[in-house]
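Shared between the two complexes below is chain A, which has chain B as its partner in the first and chain C in the second.
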Partner chain A sequence: MAADPLAGDPGAITGLSSALADHQDDIRTGTHHVASALHDADGWEGASKDRFTTTVGTIAPAAQRIISRLDAAIEVLDTYAEAVRQIQDEAERIQAAQLTNAVDSITNAVSMGSAQSTAAGSDATEADDRRVDRLQTDAGDLAAAAKRLDAEWDALVERRAAADRAAAAGLTESEVLGVAVGYAGTLAAMSDADFLRAVAGMPPEVLAAQDQAVADRIAGMPPEVVQAWWDGLGGRGTAGEHSAAQDALITALPAVIGNLNGVPYWARDQANRLSAQRAYVQAAEALVAAQETYGKAVGRAAQAVAQRALIAAQERYNQLNNFVAGARTDLNLRYPLPRQMVAFRDGEPPLGAFSVGDLDSASSVTFLVPGMGSSLADTTQYMRTGSTVQQSQQQMSGDASAYVTWLGYEAPPDFVATGDTAVFHEDSARAGASTLAADLAGVRATRPDVQLNVVAHSYGSTTAAIALADDAALRIHSFVTLGSAGIPSFVPDAAATHAAHMYAAQADEKWGIAAFGRTFSDPHRADPTQGFGATELQTDGSKTVNVHDLAADPESRNVGYLDSGTKTLLGTAKATMP
Partner chain B sequence: MADLTVSWSTLEAVHGALDKATGTFTGASLPAEGGASGAEEVAQAFATFRTAQQRSDEWLAATSRTLGEYAKDTKSLFADADDDLAGKAGGK
Partner chain C sequence: MNNLSKSLLGFVAVVGLLTTATACRSNGGNEMQPDEAKQNAVAFLRETMDHEPLAWPEVPEPVATRCADGGDGVRFQYLVTIDQKTDPKELATSFEEFWRAKGLDVQPSQEDFGKYGVAYSATARADGKPWGSFQFSERGISLYVDSQCAEGSPDDYED
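This part shows the complex of A and B:
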C-alpha cells in the first residue's frame, strides 16, 4: 500500500520521544538508588558481600547501555517527526496547488467553449481566434502544471515511504535493540557451539529481551555440553567469584539457569532465588487482586467464582511464601550450613527444591522426598526435619550430608483430609519419578564422585523407587524409606532400585496410614520392610515412632520417624553419613 | 559466620535503597505508539523496540529486587549475629 504523506501526527511522535526521555530519567533515578545501596554496603564485609558486589556491579553499566539505546530511539523519532512534519507541509502545498489548478482548468474549459463558439460565428474577428489560441495555450500550461503536481505528489509519497522505512529500520537496528532485529532467526540457524557462544556474549539486559526459543534451546542442552560451556565462561566459579558472562546468564535467564543440569549449584541458587522472588511478588499481587474481586462480587454465582479464585490465589501465595522463607527459616543444626535453592519451576502448582548444605562441595548429598499432601507450602517444615538428621550427623562426626528438600513433583492430595484417592494409584509417582531422576542425574553430572542418597517418606518412596529403578547410572549409595506407601510391583526388590544399600522403616502408626495406602493401592504396592531385601530400621525404643509423620507436633505425645531420640533418626543419619 | 562484618542498619539501608530502585524500575512506564506515526511498519517497529525495552527494564527491576532480598536474607542467615546486632540497634 502506498504511503500517505498526510498520515500521522508529528506532535504525537515528538510526544513519544519526550516520553522516552522521561523513561531515561526514571532509569537514572533507579540507578542512583542502586548506587546508594552500593555506597551503603561499604560497611559490609565477608563472603556474603562478594555475591552482592558482583551482581550489583552489573546494574549501572546495563542501565547506561539501556539509556544509550533510548538515546538512539529518541534520535530516530525526532528525525522522523521532523521529516513527517516537512512532508505534511509539502503535501498541503501540493494539494492546494492541485486544487487551484483544477479550478483554473475548469474555468479555462468553460471559457474555451465560449471562445470557440464566438470564433465560429459569421461575425468572428481575428481577435476571437487569438483568444481561442491563448486559451488553448493556457489549457496546455494547466495540464502540464497538473502533471508536474502529480509527479511532485508521487515523489512525496515515495519520500514518506522512505521516511517510514528509515524510522522502522532505525527503531529496530542494533543500536536500539542491543542486537540486530531478526537475530533470533540467526541464532536458531547456528550450531549448538556457536549458539552458546553468541548467547554468552550478550549483555544481560539484551539476553533477557530475547525470545523464549533461546531459553528453550539452552534448557534442552545435555548436562555435559552445559558443563563444558559454563566452565568455558570463566571456570566453575563461586557465588562470589565468577565471570560477567556467567552473571549475565543468571540474571537474564533465571528460569533456565536455575534448573539447568551441568550448571554449578551456586549459580542455580542465585537464579532460582531471582525466579522465586519474582513469582512470590506476583502471587502477592494476585492475592490482593483476588481479595478485591471477591469483596466486590455481587450475586451468588459471581461470589462462588471469586471465592474459588481467592482460594487458589491464597494457596499459591502460601506455597511461594514458604518456599522463599526457606532462605531464612530457623533450622536444627549444630553448626550452620549454607543453603541453596536447587530448583524452582514456576507452574501450577509451583515446584522446587531447597538444599541445606553446599551441593558444589559437600561430599554427600541426600534428597528428602516427601509424600502425599506435600507442596512448597511445607518447604520450611521439611528443611527443619532434614536439618534434624544433619544435626545428628554433626554430633556424630562433625560433618553432615547436604539435605535437599525435594518438592519437585505434584504429590497426591492427603487422602485423609480430602478423600482424594490419587495416593492409591501410581500416576503421580510416575510423573514425579522422571523429574526426580533428572534432578538426581543433575547432581551426578556435576559431581561424579559425590555420595548420593535418597530418603523418601510415604508416597515419596513410591516415587523414588520408580526413579531409582529406571536409572542405574544414578549410583545411589543409600535409599531409605520411612512409612512407605508401597513400592510398585515392577520394582520387585531392593536390588532393583540399584541403590548400594536400602533401608526401610515401618512403625506401628496411629490410624495405620502407610499400611492403609499399601492395602488399597491399585496396582498393589509392596511393603519394603517385608521380604524386600532392605535392611529394616527399628522404630521402637525410648522414643517409639507412633505416627505417620516425619516430625510430630512437639506439644503432642506423638513421635515421628525423624524426631530426636528415635532409632529411625539415628539409622537415617548413619545411612546417609558422608 | 566468623567472616561477616556488617551492622543490622547497613543491611537495612542496602535493602531499603534497592527496594526504592526496584520500585522506580518497575514504575518506569513506556509509551505506546498509539497511531502516532500513521504508518503500520513504523508502529510495528516501535512495538518491537518497546517489547525489548520492557524486558530490559524487567531485568533491571528483577535484579534489584533479588539483591534487596539477598540483603534481607543475609540478616536472617546469621541469626546469632542478627540478634546481637538487633539488640545493639535498640531491639529492632
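This part shows the complex of A and C:
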C-alpha cells in the first residue's frame, strides 16, 4: 500500500515526544526519592536493609538506561515529526499546482476547440491559425507540467514511506527497546547454555519484559544446570553480597527464581518475598473491591454471587496475609534462627513453604508436612509447632534442624468440618507428592550432604510416603509420621520409603480421627505403626497424647502430638536432630 | 446412599456435635479476655519459678498462638529457659510433685538423646487453668506456661 504524504499529525507526534520527556522527568524524580530513602534509613540495619541497599543500587543504573532509551525514542519522534511536516507542506504545494494545471488544461482544451472551429471557417485568417498553434503549444506545456507534478508526487510518496520506515526502525532499535529486534524470538533457538548466558546478560527491565516462554524454559532446567549457571554469575552469593546479574534475575523473575531448584535459598527467599508481597497487596485490593461489590449488590441472585466472591476473596486474603506474616511472627526459640520463604506458587489456592533456619547452611533440614484442612492461612501456626521441636533440639545440643513448614499442596478439606470425603482418597496426596518430591530434590541438589528429614501429620504422611517412595535419590534420613491417615498399599513397608529411618506415632485419639481415616480410605491405606517396619514413637496410650491435632486446646486436658512436654515431641526432636 | 456414606455422615455429625460442644464449653458464652488470660498465666509461671531457686530470667513476652489446630481463639505461650548444668531427673521430680500438689494432671516422659543425655519432660493440665510443661536436660531448662484460651486470634498479634 502506497504511503499517503498528507497522513498524520506532526503536532500529535511532537506531543508524544513531549510526553516521553515528561516521563523522563518523573523517572529522575522517582530515582532521587529512592536514593533519599536510602540516605534517610541510616538507623536501619540487618539483612532486609542489605537487601534494600542492593536493590536501590540497581535502580539508578536501570533508570538511566530507561532515560537513555527514551532519549533515543524522543529523537526518532522529533525527526519523524519534522519530516512529516515538510512532506505535508510539499504535498500541499504539489496538489495546488496540479489543481491549477488541471484548470488551465481544461481552459486550454475549451479554447482549443473554439480556436480550431474558427480556424476551419471560410473567413479564417492566419491569426486564427497562429492561435491554434499557440494553444497546442500551451497544451503540450500543461501536459508536461502535469507529468512533472505526478513525478514529484510519486517521489513525495516514496519520501513519506521512507520517513515512516525510518521512524518504525528507530523506535524498535536496541537503543530504544534495550534488546535487539527479534531477540526474544532467537532465544528459543539457542542451546541451554547460550540461552542462560543471554538471559543473564539482560538488564532487569528487559528480562522482566520477556515472553512467558523464557520464564518457563528457565523453570524447566535441571537443578545441576541451574546451579552451575547461577554460580557462574558470581558464585553462590549471600543475601548481603551477590552479583548484579543475580540481583537482576531475582528482581525481574521472582516467580521463577523463587522456586528454581539449584538456586541458593537466600535468593529464593528474596524472590519469593517479592512475589508473595505483590500477591498479598493484590489480594487486599481484591477483598476491598469484593466488599464494595457485595455492599452494592441488589437482588437475591446478585447478592448470592457477590457473597461467594467475597468469601473467596476473604479466604485468599487470609492465606496470603498469614503466609507473609511468617517472616515476622513471634516464635519461642531458645536461640533465634533466620527465616526463608522457600517456595511460593501463586495460584488458586496459593501454595508455599517457609523455613525457620537457613537452608543454605543448616546441617539438617526437616520438612513438616501438614494434613487435611491445612492451607497457607496456617503458616504461622505450623511454624510455631515446628519451632517447639527446634527449641527442644536447641536445649539438647545447642543446634536445631531447619524446619520447613511445607504447605505446598492443596490438602483435602477437613472432613469433620466440611463433610468432604476427599481425605479418604489418594488424589490430593498424589498431586502433592510430586511437588513435595521436587522441593525435597531442590534441597538435595544444592546441599548434597545435608541431613534431610520429613515429619508428616495425618494426611501429610500419605502425601509424603508417595513422594519418598517415588524418589530414592532424595536420601531421606528420618521419616516421621504422626497420627497417619494411612500409607497407600503401593508403599508396602518402611523400606519402600527409602528413608534410612522411619518412625511412626499413633495415639489413642479422641474420636479416632486417624484410625477412621485409614478405615474408610479407598483404596485402603495402612497404619504405619502396625507391622510396617517403622520404629514406633511411644505415646503412652492416651496419657501424653490424646487428640489428633499437633497442638491441642488448653481449656481441655487434651494433648497434641507436638505439644511441649510430650513424649512424641521428644521422639520427633531426636529423630530429626542435626 | 451406601453404608460407607452413611457411616461417614454419621461420624461427621457426631464429631461435629462433640467438637461444637467442646468449643461451647471452652468459650462458655463468657469468653476470657486476653489480659485476664495473660495475668493468670504469668501468676502461674511466677508461682512455678518460685518453687525452685534457680537463675530464672524475667518473665518474657508471650507468643500468641491458636487455642487448637484449626480452632478459634488465642492463647499465650510463655517460655523461660536457663542454660546451666542441672540434675534434670531431680528437677523433674520436684516440679511434677509441685504441680500435682496444685491439682494438675501431670504426665511425665523421658527420652535418651545418646551423647546429649536424657531429656525429662512433662505436661501438666487442669480444667480452667493455665497449662504447664517442661523439658529438663543436663544442658539446661525449658519451662513453658500456656494461658487459657482467650477471645481473639493470633492474627491480632502479628505486627
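Convention: the second predicted complex is superposed on the first by the 560 of 578 C-alpha atoms of A that agree within 3 Å, B and C clash if a C-alpha of one lies under 4 Å from a C-alpha of the other, contacts with A are read in each partner's own complex, and residues count from 1 in each chain.
What we mean here is this: a contact is a pair of C-beta atoms (placed from the backbone, for glycine too) under 8 Å apart; a residue touches a chain by one contact, two chains touch by 3 or more.
A quick note: this is a predicted structure, and the numbers were derived from the prediction, not measured.
Asks: Using the superposition on chain A, decide if chain B and chain C clash or fit.
Replies: fit
Asks: If we overlay the two complexes on their shared chain A, which of chain B and chain C does A:238 touch? Say first, second, both or neither.
Replies: Once the two structures are laid over each other on A, A:238 reaches no partner at all.
Asks: Classify the contacts of A:9 with the two partner chains as first (chain B alone), second (chain C alone), both, or neither.
Replies: Only chain B is touched by A:9; chain C is not.
Asks: Put chain A at the vertex: what angle do the Cα centres of chain B and chain C make there, to the nearest 10 degrees?
Replies: 80
Asks: Which holds for A:281: it touches chain B only (first), chain C only (second), both, or neither?
Replies: first
Asks: Would you check which partner chain A:45 touches, where first means chain B only, second means chain C only, and both and neither mean what they say?
Replies: first
Asks: Applying the document's definition of touch, where does A:328 land relative to chain B and chain C: first, second, both, or neither?
Replies: both
Asks: After lining up the shared chain so the two structures overlap, which partner does A:415 touch, if you call chain B first and chain C second: first, second, both or neither?
Replies: second
Asks: Can you tell me whether chain B or chain C touches more residues on chain A?
Replies: Partner touching more chain A residues in the overlay: B.
Asks: After lining up the shared chain so the two structures overlap, which partner does A:569 touch, if you call chain B first and chain C second: first, second, both or neither?
Replies: It touches chain C, and chain B stays clear.
Asks: Quote the smallest CA-to-CA distance from chain B to chain C in the superposed model, rounded to whole Å.
Replies: Minimum C-alpha separation, chain B to chain C: 7 Å.
Asks: Need the overlap of the two footprints on chain A, from chain B and from chain C, as residue ranges.
Replies: The overlap between the chain B and chain C interfaces on chain A comprises residues 328, 330.
Asks: Along chain A, where are the residues that touch chain B in the complex?
Replies: Residue positions touching the partner: 3-4, 7-9, 12-13, 15-16, 19-20, 23, 26-27, 29-31, 33-34, 36-37, 40-41, 43-49, 51-52, 55-56, 58-59, 62-63, 66, 69-70, 73, 80, 84, 160, 164-165, 167-172, 176-178, 181, 204-206, 208-209, 251-252, 254, 270, 273-274, 277-278, 281, 324, 327-328, 330, 336, 339.
Asks: Show which residues of chain A lie in contact with chain C when the two form their complex.
Replies: Result: residues 321-322, 325, 328-332, 334, 373, 378, 380-381, 384, 391-392, 395-398, 414-417, 419, 421, 424, 511, 513, 516, 520, 522, 540, 543-544, 547, 549-560, 563-567, 569-571, 573-574, 577 of chain A touch chain C.
Asks: Of all residues in chain B, which touch chain A in the complex?
Replies: Residues 1, 3-7, 10-11, 13-14, 17-18, 20-22, 24-25, 27-31, 33-39, 41-42, 44-46, 48-49, 51-53, 55-60, 62-74, 76-77, 79 of chain B touch chain A in their complex.
Asks: Mind pulling up the chain C residues that touch chain A in the complex?
Replies: Going through chain C, the ones touching chain A are 4, 7-9, 11-12, 14-16, 18-19, 22, 25-26, 61, 63-71, 75, 77, 79, 81, 83, 105, 107, 109-111, 113, 116-117, 119, 121-128, 130-135, 137, 139-142, 144, 146-149, 154-155, 157-159.
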